[in-house]
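Shared between the two complexes below is chain A, which pairs with chain B and chain C, respectively.
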Partner chain A sequence: MTDAVAFDHVSRHFGSIRAVDDVSISIAEGSFFAMLGPSGSGKTTCLRLISGFERPTSGRVLIFGEDSGAVPPNRRPVNTVFQDYALFPHLDVRDNVAYGLMVRGEEKARRHAAAEEMLSLVKLDAFGDRKPGQLSGGQRQRVALARALVNRPKVLLLDEPLGALDLKLREAMQDELKALQRSLGITFVFVTHDQGEALSMADRVAVFNEGRIVQVGTPEEIYQRPRTRFVADFVGSANVLSPDICVRAGAGSGWASLRAEAVRLVPPGEGVVQGTVASRRYLGAVSRVHVDIGDAVIAADLAAGTPLPEPGATVGLTWDATALHRMEEA
Partner chain B sequence: MATAAGDRLSDLFWRQPRVLLAVLLVPPLLWLGVVYIGSLAALLLQSFFSIDEFSGLIDYELTLKTYRELFRPANFDIILRTTLMAAAVTVASAVIAFPIAYYAARYAKGRMKAFFYLAVMLPLWSSYLVKVYAWKLILAKEGILTWAVDGIGASAILNAVLSIPVIGGNSLSVSYIGTFLVFLYVWLPFMILPVQAALERVPQNLIEASDDLGARRGQTMRYVILPMALPGFIAGSIFTFSLTLGDYIIPQIVGSSRNFIGQAVYAHQGTAGNIPLAAAFAVVPIVIMGFYLWMAKRQGAFDAL
Partner chain C sequence: MHSDRAPLGLKIAAFAGLAFLHLPILLIFAYAFTTEERTYQWPLPGLTLKWFAVTWNRPDVWQALGLSVRVAAISTILALILGTLCAAAVSRARFFGREAVSLLVILPIALPGIITGIALRSAFNIADIPFSTLTIVLGHATFCIVVVYNNAVARFRRLSRSMLEASADLGANGFQTFRHIVLPNIGTSLLAGGMLAFALSFDEVIVTTFTAGQQQTLPIWMLEELVRPRQRPVTNVVAMVVVLVTFLPILGAYYLTRGGSETAGGGK
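Coming up: the complex of A and B.
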């Protein structure tokens, strides 16, 4: 099967800045692919290379096997949901959604029918006559989604689509986007700096740092077995253990990651390392305890109901040898 | 002490925001209300008086007689001529202003942008009369334009243009074409600047969105950029249209000797001493502008504001 999108050693430089630096990825058809990274890591530039608003300095971007190098954005089988939605303020919602069909020469009645159908898919049936300025952020987001999907793109690109929404709406939209992607079967490529969003929605995640891809994998792989310290740091609440500590813990030398929920507290003198409790934080289902072991601080997540040590108390820490994940790269 | 008084005043403004608003607004409102609106009302009133044909004295009885005067062929021609000229100048300045404004808004950066502002504004810094007389010399039969056209061997084209009935003439400086060119030159900045400001406010991502949705360049221009720049065109056209309607100097210096509204007002309130007719003439541009704005609003020109 051809990949929906493939990057073949793609670089995009702006002067001396390497926004995207020798990136190769393949995105399977029908998948939900997330590009995750901090701002300035090159993920948005990658998205714009797919949509055609940026052209590679070197390398090739293939869309369904075809080199897209000479294809302008308006003739690519992809559509974008822009970060700030980019709805046309002078057109009502219906004409916004029908825009792509209008410029293709679809007649008015048919494009309006298609727009209405798409609006009902995103649960905005009664909003066709409104102007974008009269909608809430979440509603605008749905209009932007409908406006892109009405063109039946082969790939839908989403640039931080949930960034401007409040937490509750964001969670609801995550579920809806995921369900929509499943039912439509369109390839979604999704850019975010929110690791929770990437892990919960995507089938595969590419983690970006400084213009390069650091790791590509399923959410489980990224979460459980981060390849580098950067991934372990960025993707979540993993402890990063230096070679020193690993040696002290009897786990050989080299960098390793350790999930906070795998760390257990034991009485002083027992366990792998010793330390003093620096702080504790109540998080609901778990409480997070930070233990200072001299040259590092290790976080341990304790299930609700476990007695919590006072700050300043001396404790031992232990974990199963299998919980320690050796990282390939510092 | 001074600080204490200043504090008290500042506190008062904070507690009573309307007081501050009143302090700020009353002087300009008085000026506008009394001097501007007041004189407009006086003007309007004058236009409902009439002039006694035998004595030449103003008859202070309210009547529509003076307005009927406006529709006499000689007077109505003046109105028609002025309105057509204003419309032509407005359309031409919109056409010329758009590419310049588009370049300035979307491409010019840094120094080029500064140069753009300077180039557009610089003509406004020199006297209007100087510019108009300069144009008279440029357009005259012995002027630089005729000389240059001769030089490149294109005098046949110039002669053909000048031989067009009505708008042609003996030379550019005594033809309607000449008047049109000078109007266009003098009012062009008033079109460029608002159009540029409107284009500046069209976000880049809307253009990308249109592109992304499959629109060609021309379609993006037609369906996104132009509709969003429309308020700028309307603002600019209010300037060029009303300034042309009211001008009485340019057609006097450059052009055929036929009158425009401004000249008619000038002549009737001065030498002819027919203040009511001058007032009625002065009301015409106000009515035309009112009608124009009403039409623009009906067409949705201000929806994107």
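Coming up: the complex of A and C.
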């Protein structure tokens, strides 16, 4: 099967800045693909390489097997949901959604019918006559989504689609986007700096750092087996153990990651390492305890109901040897 | 106790200021109806409407009016095209000398008209260009472009880049994006800029005196007419027309840009 999008050793340099540096990825048709990374890591530039607003300095971007090299943005079978939605303020919602069909020369009745259909898909049936300025943030985002989908793109690109929404709305939209992607079967590629969003929505995640891809994998792989310290740090809630600590814990040398929920507290003197409780935080389903072991702090997530040690108490820490994940690179 | 009403003294001063500014204009209007044709006599010796008929039948008035309208219209159209393109370039693209260009475009309006006039006249002489309607248009276009540019550049800056990208992303080519997205968003500012440019060109004297040959625009015609003691009130009738023709577009421009505080495409 052809990939929906493939990067073949793609670089994009701005002067001396390597925004994207020798990136190769393949995004399978019909998948929900996340590009995850801190700001300035090159993920948005990669998205713009697919939409055509950036051209690669070297390498090829293939869309359904075809080199998109010189194809301008308006002739690519992809559409974008912009971060600021970029709705047209002088057009009403219906004409915003129908815009893609209008510039393609579709007649008015047909394109308005198609726009209404898209609006009902995103649950905005009654909003066709409003101007974008009269909508809430969540509604604008839905209009942007409907507008991008009306052209029946082969790939939908989403640039930080949920960034401007408040927490509750964001969670609801995550489920909706996921459901929409499944029912339409279109390949979704989205960019985010929120690891929770990437892990919960995507089938596959590419983690970016400094213009390069550090790791590509399923959310489980990224979460359970981070390849590098950067991934472990960025995806979060994993302890990164230095070679020193690994040796002390009798786990050989080299860097390793350890999920906080795999760490158990035992009486002082027992367990793999010893330390004093530095802080504790109640998080609902779990409580997170930070234990200072001298040259590092290890986080342990304790299930609700477990008795919590007082800060300053001496404790032992232990974990199953299988919970320790050896990382390939420092 | 404090009151929102201004003190009486201030009111009188304000009215006196306004009267000082505008009563002389009324005086001009009044002389259009006088019966005395050689000197401006106050109070008016008598009232008549005959000067309107006389003006109507003077071919030189029609000639000057025609030239003025033609010059103003062509300069405005020229300014609209060049000013808009320049504003688009300065606000949307990054290139070497961008800051310098935006300053240089505004310069003609800061420069005294007499300098612009002399400069253009010598340039036309050197280039051996005969004085004609075209040279007047070129002279007027220098300051008309500024007005259009200033109006357009402010609106262009508020047009978000992602909106233009969204249009391209949805399949529009450059022309379609301009037609359906850019134009509706900068339209009122262009109309306002165009009206101001027209009004400026219509009553311009200084640059015109240097760039016109034997031709007379309406303001130049008035200047010449004033020194001749023949049918003086005709000048006043023409003055009324000039005031109306320039005042209406400026009023229109004011109303069009007044509501311009709403941001295009910033919507969050």
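Quick note on the criterion: the second predicted complex is superposed on the first by the 330 of 330 C-alpha atoms of A that agree within 3 Å, B and C clash if a C-alpha of one lies under 4 Å from a C-alpha of the other, contacts with A are read in each partner's own complex, and residues count from 1 in each chain.
What we mean here is this: a residue touches a chain if its C-beta (ideal position, glycine included) is under 8 Å from a C-beta of that chain, and two chains touch if they have at least 3 such contacts.
Note that this is a predicted model, so its numbers are computed, not measured.
On the superposed chain A, the positions of chain B and chain C overlap enough to count as a clash.
By the touch criterion defined above, A:A164 lies against chain C but remains apart from chain B after alignment on the C-alpha atoms of chain A. When the two complexes are overlaid on their common chain A, residue A:R204 makes contact with neither chain B nor chain C. Within the superposed three-chain model, A:G137 lies in touch with chain C and out of touch with chain B [touch as defined at top].
By the touch criterion stated above, A:R12 is placed in contact with neither chain B nor chain C.
Once the two complexes are overlaid on the shared chain, A:R227 sits clear of chain B and of chain C alike. Counting the residues of chain A touched by each of chain B and chain C gives the higher count for C.
Using the contact criterion defined above for the overlaid structures, shared-chain residue A:H325 touches neither chain B nor chain C, since it reaches no partner. The contact surfaces that chain B and chain C form on chain A in the two complexes overlap at residues 51, 53, 72-75, 78-80, 82, 84, 86-90, 99-100, 102-104, 147-148, 151.
Those residues of chain A whose C-beta lies close enough to touch chain C in the complex are 51, 53, 72-75, 78-80, 82-90, 99-100, 102-104, 132-133, 137, 140, 147-148, 151, 164. Only residues 160, 162-163, 165-173, 176, 180-181, 184-185, 262, 264-265, 267-268 of chain C touch chain A when the two sit together in their complex. Looking at the complex, you find that chain B touches chain A at residues 203, 205-206, 208-216, 219, 223-224, 227-228, 303-304. Interface residues of chain A, counted against chain B in their complex, comprise 51, 53, 72-75, 78-80, 82, 84, 86-90, 99-100, 102-104, 147-148, 151.
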